[in-house]
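Common to both upcoming complexes is subunit A, partnered first by subunit B, then by subunit C.
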Partner chain A sequence: MTDPGVTTTHPTAELDNTVHQRARLGILTVLNEAERADFVYLRDALGITDGNLSSNLQVLQDAGYVKIDKTFDGKRPRTWVTATKAGRKALASEVAILKAIIARADGAR
Partner chain B sequence: MTDPGVTTTHPTAELDNTVHQRARLGILTVLNEAERADFVYLRDALGITDGNLSSNLQVLQDAGYVKIDKTFDGKRPRTWVTATKAGRKALASEVAILKAIIARADGAR
Partner chain C sequence: MLDDDEAAGRLAEVRVLRRQTLKQLQSYWFALLVFGTLLAASAPFFGLFGGAGTALYWLVAAPAGTVLVVRRSRDLCVVQGVARSHRPYFLLGAGLVVACFGLGFGGGVAGSVAISEVGPPVAIAVGYIVLAWIERSALLATLAVGLGACCLVVLGRGVSSPGAVLAVVYGASFIVVGLVARPGVDTR
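Our next item is the complex of A and B:
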């Protein structure tokens, strides 16, 4: 640790911020547990604001990690969110990297 | 998962972005393994730019999670970074929350 010439790559370098960011990690783990979840459920489960949820869903949708369907429950609009296959795969990669980080953090104690 | 009236709090809601952010999680895990690390070592180990490392070290220093010491190695300036007790505690909390998230992600498969 005292030799600056040694270049190793730490597992955190492999983290993809599209999935690692706190709210997005929450969205994907909730969706991984459920077939689909609606906007209100996600917002309440994650304890974030409408605006925060919307902008993070947009990032995940742009990455192809979630699919968003707007439906009507009678006259009430509902927004359903589903994780895509790519989204589940991205979450699995994140979890694998987190396990490597945890193993190093635990090993150092 | 289909009842929006149920308000549960997901473990991601407890994540502290000061520690969770990718580069900062990297800095704290490297420092947790070492007594101290210098700027160049951290930069190379994490594969980030000087500017990115500087700004994230500033956030960690402002939070009281790292201590930064500027020394001279002959005429060459060196910047040493050490995790504080609060920084190690914050990393331990992050790791505990990550374990809870992983347990849920793994359980859902």
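Our next item is the complex of A and C:
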């Protein structure tokens, strides 16, 4: 029986779709450990294509979770990505929710 | 709705990526080689010029070592495409400089060889525990504990020139651990 005074919302309801997507979660995880990473490093670390990474970075940038800087290394253009404070907070929240889902399932067993 | 197996899988991916990134960012071995060499080279100063001469040596050696380490770290960042914040290292380095010079000069003024010569190595051992936490490195934590134990042994045995002995022990330990921690290939 459920106590009417207790909220029973499943933690999944609190997931932020912007962060929850696998590639975007990976991007924020790398950027949370590093101060900044370039496009090539992120692409190789996550094992995704240029197009996939570009579109996911765009989503994260639109949400204010990453900052993108385009620089030149000699004549070669280079794209550096940094996680914003909001991005780091969103990642921490996502990880906490994932842990809550696991804890809830463990409690039900 | 996300089930617990999917959540566990996603969390596992996060942990793996975190570990990979940290491993890529770990380059403390170079700092250990540089400062290990500088420490070993400082040993004769204790006997020849005493505490003041050693302090002067470090006034030149510490900034020179820092410039070398920071320059390499920046070069590596450009090559690897990933960089970590230098802020925790600068804060730790500044704290160590203040602690080492404070204990060295304070002990000298108070006329305590134990404080002036063993105080700075103890501060460095404590600093390396902080560094081990920053780098999430068990190897560095082991080194820090080992160095702390060396300080106790040297103090307990009443060695005549503890600063010189500890400089050699620290220098050799840093160089050995730096060589052990050095990756085969650290550039992409």
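We adopt the following convention: the second predicted complex is superposed on the first by the 98 of 109 C-alpha atoms of A that agree within 3 Å, B and C clash if a C-alpha of one lies under 4 Å from a C-alpha of the other, contacts with A are read in each partner's own complex, and residues count from 1 in each chain.
We adopt the following convention: a contact is a pair of C-beta atoms (placed from the backbone, for glycine too) under 8 Å apart; a residue touches a chain by one contact, two chains touch by 3 or more.
Since the model is a prediction, treat every value here as computed from it, not as a measurement.
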Query - First (subunit B), second (subunit C), both or neither touched by A:73 - result: second
Query raised in the report: Does subunit B (first) or subunit C (second) touch A:47, or do both, or does neither?
Result: first
Query raised in the report: Is A:55 touching the first partner subunit B, the second partner subunit C, both, or neither of them?
Result: neither
**Report entry** Dominant contact partner of subunit A by residue count, subunit C or subunit B
**Finding:** B
Query raised in the report: After lining up the shared chain so the two structures overlap, which partner does A:101 touch, if you call subunit B first and subunit C second: first, second, both or neither?
Result: both
Query - Touching both subunit B and subunit C, residues of subunit A - result: 10, 12, 15, 22, 25-26, 29-30, 32-38, 40-41, 45-46, 95, 98-99, 101-102, 104-106
Query raised in the report: Mind pulling up the subunit B residues that touch subunit A in the complex?
Result: 1-4, 6-10, 12-13, 15, 17, 20, 22-23, 25-26, 29-30, 32-38, 40-41, 44-48, 91-92, 95, 98-99, 101-102, 104-109
Report task. In the complex, go through subunit C and note every residue touching subunit A. Result -> 1-4, 7-8, 10-11, 13-14, 17-18, 20-22, 24-25, 78, 80-85
Query raised in the report: Which positions of subunit A touch subunit C when the two form their complex?
Result: 10, 12, 15, 22, 25-26, 29-30, 32-41, 45-46, 73, 95, 98-99, 101-102, 104-106
